[in-house]
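What follows is one structure encoded as structure tokens, with my remarks underneath.
Labels for the chains are A, B, C and D, by order of writing; each one numbers its residues from 1.
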């Protein structure tokens, strides 16, 4: 169990830092009038969206690893691969906010979101390969179609951003809401199979 | 217990980073005379106040989670919501310090403090809902009126900051002192019910 | 076991921060055209290489400490020494990327890589000294020649960088690939001796 | 034990971040010649000294908490107080390095070192008060006079820095060496009383 504990601890560390350094993109403005906050509004909106997105990944990673009994070298690397794409959120988020949600930046944000989704999918598959197709983990992940839907929606959003960046942004919010609404079914299933 | 452990570890990570990146707002001055430190004095005072405030949150979070036996998906999100508001402390602190405690910045600091207090209150209520109204946690939190008093004082401070920023600042210090003075009663109650 | 746990936790923290602050070297560009990303391409390539390198160290550290049963004061310091050299990766990586892989910067990156390799080798030797030459750890490390080969290759790369920086860079990629390809033999040996 | 575990985890997080953000003071230079590294040499020396100092604190904190059986609210705050002073190391270190070890900066570094030493002493006393004067912890700490000697030397160094900054710097190095040389006696005592 030690192995799993340390993978979780390292991921917690990296995700905690990612979620926190995003706030550094909101540079403290010079000047004491409220107006100095105005250029920061899109940066702040972008920060909120990214905070929620990274928070969702932490939540899902938490549930996924909680359901996992075994890990191996491939899982370690699939996990580092996921952390790599998540580490690009502060950049993508800051760039999008600073450019007031221009098409290229919104599409770029979508690419980072898409690749994070793909990396998460790979991680889940690696875990299923180690834990077996009849494991609690495989059952919980297997019935969950949210991951694939998110990837498709992100791909759509990247293309549609060039028609209107607001469509792209709207899709990101939709995907976030989809994950944000608690998924009682899976949580209960995990609770049934992993009584604490 | 695994679930709770990881929530604590992630919160520790985020709070540790928040408390530490605040020091980055104190930019290393150019020049080797003592006078170059002078413009940093308000930034330093703001840093001390924020360090104590975030330290108080860590302390309370520690006691709260220690008393909790069970968590669920709502608790995870209530916790991330709290971390979101805490993550704005470096910004609010740096902005207030750099503008030498001007009214708008002091009021803004109050908003972040207020919302953090509200988020903490929500987290406590979520935990009570999961752990039951007769749990050690519910008893300890239920009798503790400090949280609500802090929220009211912060709301007052936001308004009064526009009359004089020093009143607002004074109230923040009062609230911090209120929490800083150890609350033996609760600590003992926890010790009684959770012998280690 | 507590001692080991905390050394791992501290190392996880430091490595998580190193791996994440490297992304801060990719400064959010001003301007919303795709062309503003162009000067960031070498910085990004440098980031990917460093992310993989630090990820490899975390992976190896994970396996090494997992196999260790005992630690002492020398191990604590050998570990801090390793973390010191790893902490220079963000600097070396940013400097190399910003200067588009110029010879001096590529050689400097090699020095940091070399010293990290040497520090890792010292750490492994310290651990063998405490755990005994017949320990699982000693057997796993003893047969593993990758570490020494990496050190030699890094030394070569430093020199060859002054002939052509691309040779140096190529060697860094080769070393990373050498570690990236899973080493089933050792993993299995550890699994045999440390059934979880 | 949970309480202690979380205090250690939080401290690990904060110390890990402190030790790592110090490297951010070494700004990546513009220009690809070796000469661009020259102004960074004092910053680097300052970084090495501070890395070793903070590393020593982590080591000592590790041993201290390992020997502790019980903690209370005072210990939590004494610990946060220590982390506060340690958090000023990046600033003090950067300022000292950037000004090439000028007297005021060297003295300032001494103040941060001195206050960290005092805060560590307070923490140890708080722990002794909770764990009893006959505890393993009290015995180990009680016989160790290094802490008080360090405080006296730091006080001396602050004054002497104004005669010559190099004397101050020399004393800092001496204190670091004093701690760096392993203290087998205490380690053995702890090992005797806390067999793992």
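Definition applied: a contact is a pair of C-beta atoms (placed from the backbone, for glycine too) under 8 Å apart; a residue touches a chain by one contact, two chains touch by 3 or more.
It should be emphasised that the depicted structure is a prediction, and the values quoted were computed from it without experimental measurement.
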Notebook entry, point to check: At the place where copies subunit C and subunit D touch, is the share of residue numbers found on both sides over half (same) or under half (different)?
Noted result: different
Check: Quick one: which chain's Cα centre is the longest way from subunit C's?
Finding: B
Notebook entry, point to check: How big is the gap, in whole Å, between where the Cα atoms of subunit B centre and where those of subunit C centre?
Noted result: 37
Check: If you average the CA atoms of subunit B and of subunit D, how many Å lie between those two points?
Finding: 26
Notebook entry, point to check: So which bits of subunit D are touching at least two other chains?
Noted result: 9, 13, 16-17, 21, 24
Next item on the list: Write out the stretch or stretches of subunit A touching subunit B in their complex.
Entry: 8-9, 12-13, 15-17, 19-21, 23-24, 26, 28-34, 48, 51, 55, 58-59, 62, 66, 180, 182-184, 187, 196
Check: For subunit A, which residues count as touching subunit C in their complex?
Finding: 1-3, 6-7, 9-10, 13-14, 16-18, 21, 24-25, 70, 72-74, 76-77, 80, 83-84, 87-88, 90-91, 94-95, 98-99, 102, 104-105
